[in-house]
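The structure follows.
Letters A, B, C and D mark the chains in the order given here, with residues in each chain numbered from 1 onward.
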Amino acid sequence: MGNSFGDRFRVTTYGESHGPAVGAVIDGCPAGVAIDMDFVQLQLGRRRFGAPRQEEDVVEWLSGLENGITLGTPLAFHIRNKDARPEDYAHLAHLFRPGHADYTYYMKYGHQPTGGGRASARETAVRVVAGAIARQLMPEVGINTEAEPTLSVTEENDTYGGIVKCRVTGVPAGIGEPIFGKLNAQLAAAMMSIPSAIGFEMGTGFAATRMKGSEYADKWNGLSPHPLTQTNHCGGIQGGISNGMPVEFRVAFHPVVSTPQPVECLHEDGHLQTVGIGGRHDRYHIDRAAVVVEAMTALCLINYML
Amino acid sequence: MGNSFGDRFRVTTYGESHGPAVGAVIDGCPAGVAIDMDFVQLQLGRRRFGAPRQEEDVVEWLSGLENGITLGTPLAFHIRNKDARPEDYAHLAHLFRPGHADYTYYMKYGHQPTGGGRASARETAVRVVAGAIARQLMPEVGINTEAEPTLSVTEENDTYGGIVKCRVTGVPAGIGEPIFGKLNAQLAAAMMSIPSAIGFEMGTGFAATRMKGSEYADKWNGLSPHPLTQTNHCGGIQGGISNGMPVEFRVAFHPVVSTPQPVECLHEDGHLQTVGIGGRHDRYHIDRAAVVVEAMTALCLINYML
Amino acid sequence: MGNSFGDRFRVTTYGESHGPAVGAVIDGCPAGVAIDMDFVQLQLGRRRFGAPRQEEDVVEWLSGLENGITLGTPLAFHIRNKDARPEDYAHLAHLFRPGHADYTYYMKYGHQPTGGGRASARETAVRVVAGAIARQLMPEVGINTEAEPTLSVTEENDTYGGIVKCRVTGVPAGIGEPIFGKLNAQLAAAMMSIPSAIGFEMGTGFAATRMKGSEYADKWNGLSPHPLTQTNHCGGIQGGISNGMPVEFRVAFHPVVSTPQPVECLHEDGHLQTVGIGGRHDRYHIDRAAVVVEAMTALCLINYML
Amino acid sequence: MGNSFGDRFRVTTYGESHGPAVGAVIDGCPAGVAIDMDFVQLQLGRRRFGAPRQEEDVVEWLSGLENGITLGTPLAFHIRNKDARPEDYAHLAHLFRPGHADYTYYMKYGHQPTGGGRASARETAVRVVAGAIARQLMPEVGINTEAEPTLSVTEENDTYGGIVKCRVTGVPAGIGEPIFGKLNAQLAAAMMSIPSAIGFEMGTGFAATRMKGSEYADKWNGLSPHPLTQTNHCGGIQGGISNGMPVEFRVAFHPVVSTPQPVECLHEDGHLQTVGIGGRHDRYHIDRAAVVVEAMTALCLINYML
């Protein structure tokens, strides 16, 4: 289980990194919407930028569209894995790479997927497509990210993480559900589901723990003119519900765990073995993560706004 | 919607802060389990410690138990709000306090709940009861928290936030579902649903963004003897699935937004009005939050472990 | 699990027949609706008519209402079982009555609930309350039943079943979801969840299997004046979606399985034992079932119409 | 919405009758199961028997399998619509055929799908594939149907309905969830979701309404030797939970609504127009329905038995 996101605009994804394709079914898309496929392809292109595998990422649509207009029935699409090279992973058979999901998948499923399987970042291509559809259903919402890779470090023989800041404008007040359906809670789940995500904070976030309450509580401007409050420490959400200010949050991504240097892997039989795992220095890791952050933000919001 | 948590051990909560009671129904509890009610009451007592309202917090059980043994049918309970004092809030009618959910609830529901309604921390008493039941279904799991309130600040006329560190032992490898059901994603949602939560991080968290990949990826110890890895930067979860190491995360809580000083509230008609909102300096804010963190951790895990 | 119905107006029920109370939580009720409690009590009274246990059936509300107006938060209520008499069932300990759920509950849960537990018709009181709330959210919908008990049989020393015909007016065209969310499929599930229900048919139902297609397919009248079609063999639903004609269906109820004569029960140790189980001739079995049919119809429709 | 079935073995289907393909994603299939694809193809072949459109029905698998063994990740597959002929339906543009879902889809979605779209029986091919997978996860369960088409009627210029009897052996006692998750309720929903289904009854069904309680309540045989009861009027389910007897039910199917004779269609502009709609006499309508009944039975049971 665990391959669906959302209840009103429900995306169910599938596909292994080195299988025939990755894809999804979207249930809940309204009828009669003209989809801009160039926008979808643009987002896919942004996600691929500098990607290790140069997939062409052509989206094939199987359902839910007629002449580019949604039918109200499920949207189904897939992207072929034209560049799947399971043989590149032959030397890693029976080995658990450090920091990867090899060991945990093995413990859960009794086997280890080739090339990361569902744990690979390849899977996020599908989310980007779904997110690009969702954004077209909310034209008034603006989702903007700023990638902050750790670029002070220029050592070529290693990998680095970073932070993605996201600012969402155009979310009206009143979006979110109390208690477990809080908008911030759902955003947190959405962001932490992205590969390599390791932290999430709304507004001022962890730094707010060092503030006094008299500083933290955002002071009113009065109802008009906007903005509503003088500061936005809470990130636009109070009690789990949007207040009409921009929704602002940050997502921390740990360094890529496939490093250029050889690493000690754990063999299924218990011994340690040093091998090269094919990682490489990649400046654009966080830029690509930002595209997925945008997509997941859209998938989160659309479930409240349909 | 949004008042249910979990799919296999589903808790549905109800109750306004100043209504007759708060309570919940738990669907999915196995039959034949003897419940230790002293443990439940102990957790409720920990949550109340220093609480502004001195509820007795007596749990009344209406369903699902016979002679203290679960029947397999829904567990239902409530806690009466014996100390509800809606009149304490009369001077706040039509006023939106800064930092509270007054305005957002008003925008969503068209009315403003007395004394915070569902947005009040009162609601968390119910989660503590449900979490105390869940923990008894997983006796091998240990959930320990450390509260780090911002106590360097001793100014009595203000409020402060802090951080709760949580360490969970006894979670076997293989717990979690790929993609959207990742254990870290569900933990994030669970924690961010707690009132005042404003940040979440697994393991090394935001600090990991400043590490090299060669440092970050936890090195193997070999399968035995335990521990599995030399460090635990990932917080015990890889690819959304537990690896058998302790599950470790931190939750940031912003300062209490009811401060002792008078504050400028926004009136429904748009003008600003300065009033006292009855906040007080409270050293135990974060200690109480820690009890709810423990409860939500249990509610999160039980859905994977049943 | 299995104690919730609906996704947009979700009712979660609890309570054993001979426990302290039966009750429910309703998540998804809109804010700002004035609830007519006399109507709720009227429906409860109709359900009790001739009931073996003379509960007063007073509904206590714990959440979601202020001055009789819904808050948008969960509605929670319970009805105390003032007349619970577990001692009446002492002679049935360890015995599985024929036709009852005693044996199946025992096989599922490892114990046998006193007096039927959740399998008792007592549980339907809660559905009647929830249905009475749902109906007030759809004032344009009329739900009418006709009870057809098998009253040609007047033998006082036995029990009988019957049929409930239901006719729903005011359902606009376009209600229902294709494939698994078909309105007729959800109605079928709703009706078959009622104790003693053993058959369900839409419109002409089983008799339609003996018709020619040229007779069965309802002929158009033209779009105006109404009715839309000359006949209503399909019961107002085509492809799982309402067509604006009355929604019509019938539900078959088997005879009450607690009969006045002594019966052979199966003892847990495997021997058969003849005992009296306290059944009685009751002319109003089907009339009461009709009230529950109405409630479940409302609970079914509201999930499409909110 | 409405395109998913099940919570533990969740099938989400997609595809229009005259679009590129029909397909599904199955979430919840365990890892390590060898799938017999010949069995899948056999069931697909049974469903096609005598089908108006001679699709080859080749299943393409995109996810969840490696060397024919399940990975534990989502199974995804589609079947191309090689024989789609939307032009066959050109003369029906803007016309609502009697008895079809043309009008209701139009009212719901604002457009009318070509050739029935999702309402076409073509969609059931996908369910047959999913059901054939589910059956392989329950080798001890036997699902057998008997088709009873109305073949006393031999008039070639019309269409007929019939009844499918289903008998399921090997279901252990204790399968089902009380109240809304009753096995009979879920079977009812599953069966009524099949195109043309118009009635459902468990065991003795509607005929039970004419029995006395003393006849209806199945008499015990004692725990051994089997069978458990002397008769099976209840169809193997009591209180929504299986008792270990065969699960028996019947599904009524109304006549095919595409008849050979020309019929009066309703035009979008309100006038009536007589056209031929291409129906034909087909003896095997009910035989094919029986294959879908078997598939849906498997999909229903697997959600309780995983």
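Here, a residue touches a chain if its C-beta (ideal position, glycine included) is under 8 Å from a C-beta of that chain, and two chains touch if they have at least 3 such contacts.
What you see is a predicted model; the values in this text were computed from it and never measured.
Note on interfaces A-D and B-D: more C-beta pairs are in contact across A-D. Distance from subunit C peaks, on a Cα-centroid basis, for A. Chain centres here are Cα means. That of subunit A falls 37 Å from that of subunit D.
Work out the mean CA point of subunit A and of subunit B, and you get 25 Å between them. Between subunit B and subunit D the centroid-to-centroid distance comes to 44 Å (mean Cα coordinates, whole Å). Shared interface positions of subunit C, i.e. residues touching 2 or more other chains, are given as 1-4, 13, 73, 108, 118, 178. Taken as a contact graph, with one node per protein chain and an edge wherever two chains touch, the assembly is complete, since every chain touches every other chain.
Residues 1-4, 8, 10, 12-16, 19-25, 27-28, 31-32, 61-64, 66, 71-76, 78, 108-111, 113-114, 117-118 of subunit D are the ones touching subunit A in the complex. On subunit D, the positions that touch subunit C within their shared complex are 1-5, 13, 96, 98-101, 103-105, 107-108, 118-119, 123, 150, 153, 155, 158-163, 173-182, 184-193, 195, 197-206, 208-220, 222-224, 228-229, 233-235, 237-244, 252-259, 261, 263-266, 270-272, 279. Contact residues on subunit A toward subunit C in their complex (touch as defined above): 7, 73, 178.
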